[in-house]
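Both complexes below contain subunit A, partnered by subunit B and then by subunit C.
For the complex of A and B:
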């Protein structure tokens, strides 16, 4: 009651977190490595591609010191493939999140400490890192999969590095159009996913593959629906529990009598 | 549910048709006959908080006969349930009771109506996705008034059936609408504001 904000992150907070994602830049000027709280950034040498956090990449882009290489999943053909998959092949579920980067290139230069982490999980093979620690928005990311922060990264790249996105082969407007379609398709799925709660027993909603921004948008609604279902079904649920408990007690009694017989 | 939850207080005040099974002296004023005892068989509309107490208090009567029985209010009656089964979206729940789901949940604690529970759950879920649809459509309403003809057009698009549906939402559904609407609205605001940073 005291907090004016609803539970969960707001859109601005999600967008802020998304700025920690690594993106690939093609520098135009030399820049020595900078010491940041998250570790050192790799030094920039003009023709070589380097992974930088999104916020730094956008800053350099605005100063015309670097170009951003958009992630492969932002390619129009990848986007239309995802749309096709979302509408035709799996019209009820969200498309899969990107596979864990087990086969990611270990020599890929990242921020120093993170780079070592990647080496480790390549060795272990079973460490699955979550959103900001996976290179899901760099130029090495797999095409055809939407990472956790897809909408935020795509929108900020379109807003601030539209010319770089256009270098993929389609105009920024076209990419934006595809993104809008994707947002609409997935929003419609989010709405209809509540219908999975319709019958008793099937009280699960699968939100696998949903992005952070979509979660921020639908959190209030989805929680409201689940809470409403809980309230309307509370008495039935209580009755069912009682029944189960009684049955459990019966079983216990049976068990005891069995033991007694054994003695 | 908090003690100060205004919706739960208002749900408590909803009237339930009750029938007295025994003569009760000094309760005649409930039936506008203050001088006479309340006769058995009188039907009185009692608020939920009172009806609940009377029904529970008498289930352990010596004769095994509760002195108040209650029926489902017309809003939860057979007609409405049949209509809900046919198409949950077509029933204006607000006309049945402004606190439809709250009332239904409270009554189901007293009654054991499996079928009603199933119908209600289906109703809620089906209407919820309809609510989300409308909440998203009106996302720009009020913000972009007179901005462009196209936007005006898409706002006008929800008139007619959509407005009727939204008018028929009960209180908890309105809250849900508000949540869905807020989410869609802040998403839109973020999307528009991204250029500025």
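For the complex of A and C:
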């Protein structure tokens, strides 16, 4: 009964996660609130927009009980802007992930802050929401940013709610074409990042802005290369570590103060 | 809905996340972490699974109650409830199975010290102990008993070589930063330190990522 899968999420598991993303629906029928394990669903009252998880939105869509309002980043103009940014402005890195949801600062009324730092942990104990629980695919999400599950959400919206996507002003085919371009551009970046892996001597590599499916796609390869580099370089590394240890304690102390500066 | 609910809805400072959503986020995160980490992670101590199990049980009872009702309106609600229940149970099942796979692979390792044993839940500990006992007995009856007594152990460390297989804690993983934090990584040619921003995705060794994940500054993806 043990799970026979290798470490790391597979494509199917990533797609499953993407179905938890919140999307905005425009109900066509009334539906009372349903008590689910993940919390109560909001009651549906046409024509009021409501945010629901994607799996539920698709279920409602298939039964013609609701339409899905596509997220702004799926708009053709937003997609072409992202493609422009990915190709012209930043040909080597992925475009920025969406900013964290704004949080009102209780100590300074009227001022909202984005993100958190180490030094304002006053709301500790509260879980920090991350994809797929951040509202990054709703109608209120910012345009011009690709959320973590962009490809999966876009694909399933195109497949099951193509008419709603077309209501954005471009045919579903056009959106699909733009997505295809984006996938190509980003896949090329993912591939070129592997040349960085070859000299993976530093121990850290950042892939800010990468999507879940893209990670799943190259997970096996990337992790395999990183582990391979580590194993072939194990003796070099051990020798280097020994050398550094011999160099004495002074360096260690310096190292520690550097770390504090970093924070 | 009374006045408090309305105020809560419009007040941006009132950002409490409902318990159910919190649990789902935590379950999802724990599941992804268990699926991605090379070693067995500690069993959540905050009663998460006790809560989840009793919720699932209650939901199943509700489904049974509702099945008798053939009104088309509740019927659709039933479909939604059942779909969600199955999705939820899939997460729990996959999580438990991923753990069993790790326990099966390195049973003796997870039973070797008290600190490692503490990572297992009560059930898992019982399972691991019994599984190992059965296996050892089977080996004994099939071939170990014909070995000289000093070679019959399965966890011999005396010759300087450990017989107990351990997971590779240096395997690479992907993490996502939940807060701005300093990430430190050991590499082959050089060690690296940089201050990462929230939602950065970083590849590094699990041993280096572990403190960040344990502190809640990062999650595995």
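Here, the second predicted complex is superposed on the first by the 211 of 263 C-alpha atoms of A that agree within 3 Å, B and C clash if a C-alpha of one lies under 4 Å from a C-alpha of the other, contacts with A are read in each partner's own complex, and residues count from 1 in each chain.
The rule we apply is simple: a contact is a pair of C-beta atoms (placed from the backbone, for glycine too) under 8 Å apart; a residue touches a chain by one contact, two chains touch by 3 or more.
Because the structure is predicted, anything quoted here is derived from the model rather than measured.
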Requested in this report: Using the superposition on chain A described above, determine whether A:163 touches subunit B (first), subunit C (second), both, or neither.
Outcome: neither
Practice item. Considering only the touch criterion stated at the top, classify A:155 as touching first (subunit B), second (subunit C), both, or neither. Key: first
### Query
Looking at the overlay, what does A:97 touch: subunit B (first), subunit C (second), both, or neither?
second
Comparing subunit B and subunit C in the superposed model, the one touching more of subunit A is C
Let me test your reading of the model: by the given contact rule, A:17 touches which partner, first (subunit B), second (subunit C), both or neither? second
Considering only the touch criterion stated at the top, classify A:220 as touching first (subunit B), second (subunit C), both, or neither. first
Examine A:233 and indicate which partner it touches, taking first as subunit B and second as subunit C; both and neither are also allowed. both
Return first, second, both or neither, reflecting whether A:245 touches subunit B, subunit C, both chains, or no partner chain. neither
The shared contact residues of subunit A with subunit B and subunit C are 199-200, 219, 223, 229, 233-234, 236
The answer for subunit B against subunit A in the complex is residues 101-102, 104-105, 108-109, 112, 114, 117-118, 120-122, 124-126, 128-129, 132-133, 135-136, 172, 175-176, 179-180, 182-184, 186-187, 189-191, 194-195
In their shared complex, subunit B is touched by residues of subunit A numbered 6, 10-12, 15, 155-156, 159, 187, 190-192, 194-195, 197-200, 213, 216-221, 223-225, 228-229, 231-236, 238-239
Within the complex, subunit C is touched by subunit A residues 1-5, 7-9, 13, 16-17, 19-20, 31-32, 34-41, 55-56, 59, 63, 65, 97, 100, 103-104, 106, 109, 112, 115-118, 126-130, 132-133, 199-210, 212, 215, 219, 222-223, 226-227, 229-230, 233-234, 236-237, 240, 258-259, 262-263
Residue set of subunit C touching subunit A in the complex reads 12-13, 15-18, 20-22, 24-26, 28-29, 32, 35-38, 52, 55-56, 59, 62, 76-77, 79-81, 83-85, 87-88, 90, 94, 97-98, 100-101, 104, 170-174, 176, 178-205, 208, 216-217, 219, 221
